[in-house]
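In what comes next, chain A is part of two complexes: it sits with chain B in the first one and with chain C in the second one.
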Partner chain A sequence: MGARGETWLWILQRATAAVLAGAVLVHLATLVYAVRQGLSAAAILARTEGNLAWLGFYLLFATAAALHAGIGLRTVLREATPWRGPSLDGAVLLLAVAIAAAGWRAAFGLFA
Partner chain B sequence: MTATLHVSVWRGGAAGRLVAYDVPAQESQTVLDVVTYIQRHLEPALSYRFACRVGMCGSCAMTVNGVPRWTCRTHVRRVASGGRLELRPLENMPVIKDLAVDMSNFFGKWSRAHGAFAPMAGLGEEFAKVAPDSPERQAASAGIECIGCGVCYAACDVVRWNDAFLGPAALNRAWTLVNDCRDGDGAARLRAVAGDAGCHACHSQQSCALHCPKQLDPTAAIAGLKRATAKAALWGKL
Partner chain C sequence: MSWPARNHPNYWAFLLHRMSGLLLALFLPLHFWALGTAIEGAARLDGFLRWTSAPLVKLAEIGLVVLLAAHLTGGLRLLAIEFLAWRRWQKTAVALSAGASLAMGLVFLLNLF
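The block that comes next holds the complex of A and B.
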């Protein structure tokens, strides 16, 4: 990957980190709230089903996490192992797609 | 201070060994004085580099008790605990012999980072007016006093595990030129310093800034390059 591609990956990594910083806080606060209030699965689903705001939030969260993990893992592997080139890029892309797909599936599961 | 310094010096190439010498301790003695004493009185075949002896030329850097330093401006009393000194060649560069390392890759990376000034204006044009207090001039001034000693390069962990990484000194040099309004290399230099071998590989651990004998801050210069390359990429100019 050339200078332009690497720079865009760096920008994406920083941008997704900024998204995750906020999203993780919201996610944790929601978890603590649900546990403290003793919300049942049904009560949680009642709040999220048909709620576009929660759907949008978790789609964004899952996408940011997938991109951040993929780019970060690529960097770690390039530093710690001799693995480089298209095979590594393809492997982490596949991982990112898998994380995103799992996240999106969960988000749509809460929505519909 | 003890009357005698116990000095271990690296002898040989990459597969060498430490050899012990006893050197008389003196007032205001620098580490370079110690090395010179050994070569003139104890071991004439000892190889090391120096030239100016006053912290200008950047040729006498070595690893002193585990830390990369310029030896001509390092007083023995500041670094020799219990009258003991261990002198090794700089890290991250191939050892030629004893305390002399091969710096060709280090300086080759300055060229790869487009470290040469590329004039924008043609002959006969007006002089460029550079306001001394402009942010660009200030940013260039902050990094311009590099003497190319290689201490930052020897201290950098990213250089250690990524052989292609251009290193703090070359990137610091590139940043001073990015801020030079007379320079015409622009996007080509930014392309040269972006990516895995360039500024984006830096982890901002700041060993370079910690050890730089001129108290420069290459980490800040590299952060500047990250901003400049990101801006260029966003505007489609990279």
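The block that comes next holds the complex of A and C.
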């Protein structure tokens, strides 16, 4: 990947970080609230089923997290191992898409 | 780089950000897969939630919350260093990040039990 591509990945990593900063704060607050309620399926589903705002939040959250994890893993692998080039880029892209898909599946599961 | 050059709060902050990021990236697919599978019915989800009330799993959850909070505060510190001009308070930012992460873990712990 050329310098232009690397720059875009750097920007994308910061942009997703900014989205995640807000989303993780909401997630941590929800976690504490949920365990206070005693963490039951009924309580969780009552919050999320049919709720478009939560669906939108989780879809955005999962997408940003998947991209951020993929780019971060690529950076760590390039620094810690000799792995480079299209095979690495393809592998982390595949991983990011798989993580995003698993996240969307969970988000739609909570919604419907 | 020699060890003395690395034994510095900002290096430790870098290392913690790397390690927490790596562990969270490994946890993320498991989290989504488990949630996506458990969500297929309220009974199944309740069964999964019962498993999460085991003491060891609770301990792991607290660890995950601290990791997530550490990666969040460490990331905010990084964004501030990269995008804001003034850099003298870097060490203060490291201390604030560490404090906020541990406080988050404690809040979760106190509410979990």
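Assume the second predicted complex is superposed on the first by the 111 of 112 C-alpha atoms of A that agree within 3 Å, B and C clash if a C-alpha of one lies under 4 Å from a C-alpha of the other, contacts with A are read in each partner's own complex, and residues count from 1 in each chain.
Just so we're on the same page, contacts are C-beta pairs under 8 Å (C-beta built on N, C-alpha and C of every residue); 3 or more make two chains touch, one makes a residue touch a chain.
Bear in mind that the values here come from a model prediction, so they are computed numbers and not experimental data.
Q: Do chain B and chain C fit side by side on chain A in the superposed arrangement, or is it a clash?
A: Aligned on chain A, chain C fits beside chain B.
Q: Using the superposed model, measure off the angle between the directions from the CA centre of chain A to chain B and to chain C, in steps of 10°.
A: Once the two structures are overlaid, it is 70 degrees.
Q: Determine, for the superposed model, which of the two partners chain B and chain C contacts more residues of chain A.
A: C
Q: On the A-aligned overlay, A:Ala106 touches which partner chain: chain B = first, chain C = second, or both, or neither?
A: It touches chain C, and chain B stays clear.
Q: Identify the partner contact of A:Ala98: answer first if only chain B is touched, second if only chain C is, both if each is, neither if none is.
A: A:Ala98 contacts chain C only, not chain B.
Q: Quick check for you: in the superposed arrangement, does A:Leu25 touch first (chain B), second (chain C), both or neither?
A: A:Leu25 sits against chain C, while chain B stays out of touch.
Q: With the two complexes superposed on chain A, say which partner A:Ala46 touches: chain B (first), chain C (second), both, or neither.
A: Neither partner.
Q: With both complexes overlaid on chain A, what's the closest CA-to-CA approach of chain B to chain C, in Å?
A: 6
Q: Hey, what residues of chain A end up touching chain B and chain C alike?
A: Of chain A, residues 14 contact chain B in one complex and chain C in the other.
Q: What part of chain C is in contact with chain A in the complex they form?
A: Counting only chain C, the residues touching chain A are 18, 21-22, 24-25, 28-29, 32-33, 35-36, 39-40, 42-43, 45-46, 49, 52-53, 65, 68-69, 72, 75-76, 78-79, 82, 104, 107-108, 111-112.
Q: In the complex, go through chain B and note every residue touching chain A.
A: 161-162, 190-192, 194-196, 198, 200, 226, 229-230, 232-234, 238
Q: Sort out for me which residues of chain A touch chain B in the complex.
A: 1-8, 10-11, 14, 78-80
Q: Which residues of chain A touch chain C once you look at their complex with the stated criterion?
A: It is residues 14, 17-18, 20-21, 24-25, 27-28, 31-32, 35-36, 39-42, 44-45, 62, 65-66, 69, 72-73, 76, 98-99, 102-103, 105-106, 109-110 of chain A that touch chain C.
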